[in-house]
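What follows is one structure encoded as structure tokens, with my remarks underneath.
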Amino acid sequence: MLADYIRKRREDRDILLMTHIVAGYPSFDDSLRIVEQMVEGGVDLMELQVPFSEPIADGPVILHANQRSLEAGSTVDRCFEFAEAVSQRFDIPFVLMTYYNILFKFGVQEFADRMAAAGLRGAIVPDLPPEEAGDYLEAMGRNELDPIFIFSPNTTDTRMSLISSRAGGFVYCVARKGVTGAETSFSADFEAYLSRCSAATELPLALGFGVKDAADVDFLRGQVDIAVIGTETLRVVDERGVEAVRGFIEELR
Amino acid sequence: MSEQGYFGEFGGSFIPEILVATFEELIAAYEEARADPAFWKTYVDLMGNYSCRPTPLTEAVNLTRHFGGARIFIKREDLNHTGAHKANNVMGQGLLIQRMGKKRVIAETGAGQHGVATATMAAKFGLECTIYMGEVDVARQRPNVFWMERMGATVVPVTEGSRTLKDAINEAFRDWVTRMDDTHYALGTACGPHPFPEMVSWFQSLIGEEARRQVLEQAGCLPSRVYACVGGGSNAMGIFGGFFEDDVELVGVEAGGAGLDSKAHASRLASSDATLGVAQGYKTYFLQNPDGQMNETHSVAAGLDYVGVSPILAHLSQTGRVRFEAATDEEVVDALSLTMQKEGLIPALESSHAFVQAFKEAPLMSPDEVIVINQSGRGDKDIFTIADAFGDPEWEAFIQKKAKEYDAR
Amino acid sequence: MSEQGYFGEFGGSFIPEILVATFEELIAAYEEARADPAFWKTYVDLMGNYSCRPTPLTEAVNLTRHFGGARIFIKREDLNHTGAHKANNVMGQGLLIQRMGKKRVIAETGAGQHGVATATMAAKFGLECTIYMGEVDVARQRPNVFWMERMGATVVPVTEGSRTLKDAINEAFRDWVTRMDDTHYALGTACGPHPFPEMVSWFQSLIGEEARRQVLEQAGCLPSRVYACVGGGSNAMGIFGGFFEDDVELVGVEAGGAGLDSKAHASRLASSDATLGVAQGYKTYFLQNPDGQMNETHSVAAGLDYVGVSPILAHLSQTGRVRFEAATDEEVVDALSLTMQKEGLIPALESSHAFVQAFKEAPLMSPDEVIVINQSGRGDKDIFTIADAFGDPEWEAFIQKKAKEYDAR
Amino acid sequence: MLADYIRKRREDRDILLMTHIVAGYPSFDDSLRIVEQMVEGGVDLMELQVPFSEPIADGPVILHANQRSLEAGSTVDRCFEFAEAVSQRFDIPFVLMTYYNILFKFGVQEFADRMAAAGLRGAIVPDLPPEEAGDYLEAMGRNELDPIFIFSPNTTDTRMSLISSRAGGFVYCVARKGVTGAETSFSADFEAYLSRCSAATELPLALGFGVKDAADVDFLRGQVDIAVIGTETLRVVDERGVEAVRGFIEELR
């Protein structure tokens, strides 16, 4: 399972990098080249987002990418083909990220089966709280896929425990209130928050939302297992092109 | 797992973790308020002193004579301050905001009606206010934007997605995620995550409470049928709420747009085009493609032009308690026209959907029977849309002349 | 000679011989109705079921706090069906028409408010309806023309004279002269020959009756002062009517336009520019030249832009019972803006005149004192005028875009 | 007084013609030439209308003439000068027609004095009912001017008597409901109406509103003393020019 991979990898590296792409944005060809650049740049694991028309928890940059991908004709099926291709070709774990309706319409069980078949290792479904996740957990469990859940600064300790008890792979900690990509300021409360997170779970911790340069990564070193770079790589692609991604990743550590 | 907020298989709360605490707070405040009779009294008094509740129930003598069937009564939500039932919900949530001690309110709006109502409430309660509105709607509903801004609200055009109501809802959630400490999101209809469907229906239940009392007083009997248009479902839930326990048929009328077989409509329950899904925080019937991506919908009435529908109504449709029908754009314009000419009333295009179905059924009913139509809002706010729906050439000439005046500046 | 219809030296009935019989019939019908308590009850019920009377009296908590003086209450005539106090008069005259058995109604309109109200009443009562409206007003108030036409009325643009309100009144009289057998002329304000000033004031007195009761209930005391805008004078007569017998100061606010020393105003009683005259069938102060020709007047509020004034108010001005003030266009826009932002209310530009004067005086009064402002109508019908008054560039861009869409057809 | 003039003149003529002009329309020069044409054409008496901005009892044609005359700068003073000029120059009686505000603003007494000084013989004030006419009657009486009043088809017999008791010169009978210039159709009730008029007053009767050609005048012959041609001469001026007026009048008898 993912947690083992992460712990193992952390023996060599003081922090892991997880990046994010929206499948099919700007195109599936580009998506493939971006993954390639990222892997070459040395990322340790990756989120592949299956676009959804109503990505309620994503900020404007990722929202935009979702929309463009769908406009370009992206389908769930095509995303799975893509996922299968990259997980066969590249030697890092890929997890899927999408909204619950994509699973629900597909059939949660069938979706999990298909994820497993594509070689994916887990999933992040930000609009699926553990209370609503019965079918999902079962389907994920049956396929040995990690259900990755989220902590946020206003999640209570009790609730963290509850979430942790359902979660697998790692826990995705939201660094600050807000949607993906907003300016992060690591507040005074930040350390208290992280120690609450660590105390609540045995699982590795990923920290996301707003990480954008080597300084941010440096700051996280020693505090969490994984730094998540989401929006920022999309910005790099948009502003400097696909070929700039590798350099951007390399500079992060 | 808690079954809170479910109506049959519909509803629930599918929200990002970061909002969970906020929703818990809201649910607590709502449940406390609901358990406190003083709250409801404050609410009723506010609506009596600031809006004009109870709104009248008007007997439509001429329409009744015209159709020669059931006696037609019209519940006059158009007379509310800001011109629609939306005010009820918004003022109720305003009182909750005061209770929670928040200082800022945000809302989505499609047609602009809920945005204007929210901006109005914010002005009255001294709250900072941001309204999210699809860019397409900002462009076509500029008068409402104008009023919101004059009332001191910030109107943010949403430029992603179909740039209409559902995108505005997404954007409002995005805002809320970043500022839930001081902000309340006043959702405009009986949709979204728990407690919104239930809470909004509760605030709107004033309509049905009054209507039941009034129709008994004025007609001496309960109505055989009650008609309401259904966008998100709040005005329908409001008026139906007065009659759930009675032997009264409840009829919800959705946007039939260019026709149910055209795909250019917004009928989730009256058509077979919608399927069960989860989006915008709740589970209901959505107009979506097989992948679960939401479709573009269409209606002449911006307020009905929405992909989802109240989970409570989805449930009541499933149980058969509420019957669902659809009215096409064309039928709507005809019903509006007839109502203006016969009664001097101007129902909103949204409300006119309910009139269409009532007009189809009234002639087939007996003169002993009574029906009630909910006139959820007034149409005169939507002159641009209505003038276009009628294709009025003099209106066009007026706008062209006005534009030339501005050009000349 | 009969002194009927005189208020001091003002009023009377200066009408062509051909109308004398018609006026006698009208006076008889009016006096009969007035003596019949059942008529008043029918009227009050109609206004309760069709409009939303009693309209609320809203305490303006935020404005009160803002000015830190007298407690401000606002009488909400804006919540009437069709959006202004005009509905009261028109529905009352509608009942009289029924009593007289007439089949057709005509009316003049300036801003369009009274025209819309009359067209609405005509639709409701099944009457044929013609509205006279100055060509200038038809051009600038197209939205109201649109609604009148949709309600089934014929709108006749008046192309003579200043092509505004007074010319529409003349034209309505001309129509009446040719068809008095089947036609009633529903004059829109407390002006014109007897019995109009008295009769219109009577119908409008509902406002004051309610307001007096409400303020006693809500504030526990009578107001020190009551403010109303004065065009023809009907809303002012309506609210003042509740307080004539009380120790309450009554303040009428006229259109100060560009300022009283600019000549571009419509202040008959607050300025010294008007002189006694006889026109449009009655004697009062008119803005006229030394030859007795009527002047052009100006106000940002079309409904106040009139040369004459109610003879009853002229009399009350002379006796000192009512104090008259004027508000300039600029002050009006500011008061409107403040009221929107503080209370979420949108007074009509006409009504905003009353707010201006109240806002000048409230801060100088004690917090123990109460004042009442009559919000005679809602401003959202007048978006074209208000947007222009604010000079909103986004509105202009919207109209230009809309015009291009129409051009492209 | 005018009644005597009319009775006298009726000895020679079976019907008299009274025409109407709006002073200063299209200009005072034209007005003078129109009067000249009318007198030459053989009219027996004339109404001079002092324009008013709110001519409530006039139809569109005369209304229009009122407006244009005022726009061209017509004043009450200028109208009196004009009246004085024509009554000196032409040997028929002139009566003034205007609305009460013109008298009222001028001062009713002063106005009557000035009328008399200008050689006018009477006045028609259509918006001044006898009930409101106290000052006016006194001022007219003091100046030996005839106060001409109006009967209409719906004036009751009692009221006709009242009006007659105040009136002087002649009584102006409105032929049908309506403002000046509307299409006249002499209805079945017409004779009954005229006999009511004759019964109510000793004064001569003029019949107005809508008389427009020889056939109309013929019809009135023997029924009333004066046929009033109002709007139609304005139409002739507007459509065929000032010089056509004389011919038009001549053709009427």
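Letters are used for the chains, namely A, B, C and D, taken in the order the chains are written, and counting of residues starts over at 1 for each.
Assume a contact is a pair of C-beta atoms (placed from the backbone, for glycine too) under 8 Å apart; a residue touches a chain by one contact, two chains touch by 3 or more.
Note that the structure is a prediction, hence the values are computed from the model and not measured.
*Asks:* Can you tell me the least number of steps between chain A and chain D, where a step is a move to a chain it touches?
*Replies:* The distance in steps between these two chains is 3.
*Asks:* Report the chain whose mean Cα position is at the greatest distance from that of chain B.
*Replies:* Checked the centroid distances; the maximum from chain B is D.
*Asks:* What is the distance, in whole Å, between the centres of chain B and chain D, each centre taken as the mean of its C-alpha atoms?
*Replies:* Chain centres of chain B and chain D, defined by C-alpha means, are spaced 65 Å apart.
*Asks:* Quick one: report the Å distance separating chain B from chain C, using the average Cα coordinate of each chain.
*Replies:* Once rounded, the distance between the two centres reads 33 Å.
*Asks:* Starting from the mean Cα coordinates of chain A and chain B, work out the distance between those two points in Å.
*Replies:* About 37 Å, centre to centre.
*Asks:* Pull out every residue in chain C that's touching 2 or more other chains.
*Replies:* Nothing qualifies.
*Asks:* At which residue positions does chain A touch at least two other chains?
*Replies:* Residues of chain A never touch two or more of the other chains.
*Asks:* Which of line, ring, star, complete or other matches the graph of chains that touch?
*Replies:* line
*Asks:* For the complex, give me every residue of chain C touching chain B.
*Replies:* 48-52, 55-59, 62, 76, 79, 81, 83, 119-124, 126, 139, 142-143, 145-147, 150-152, 218, 337, 340-346, 380-381, 383-384, 387, 390, 392, 394-396, 398-404, 406-407, 409
*Asks:* Chain D touches which residues of chain C in the complex?
*Replies:* Spelled out, the residues of chain C in touch with chain D are 1-2, 12-18, 20-22, 160-161, 166, 170, 173-174, 177-181, 275-281, 286, 288, 290-294.
*Asks:* Taking the touch rule as given, give the residues of chain A at its contact with chain B in the complex, in rising order.
*Replies:* So the residues of chain A touching chain B come out as 52-60, 63-64, 67, 70, 75-77, 99-102, 104-106, 126-134, 149-156, 159, 163, 174, 177-179, 182.
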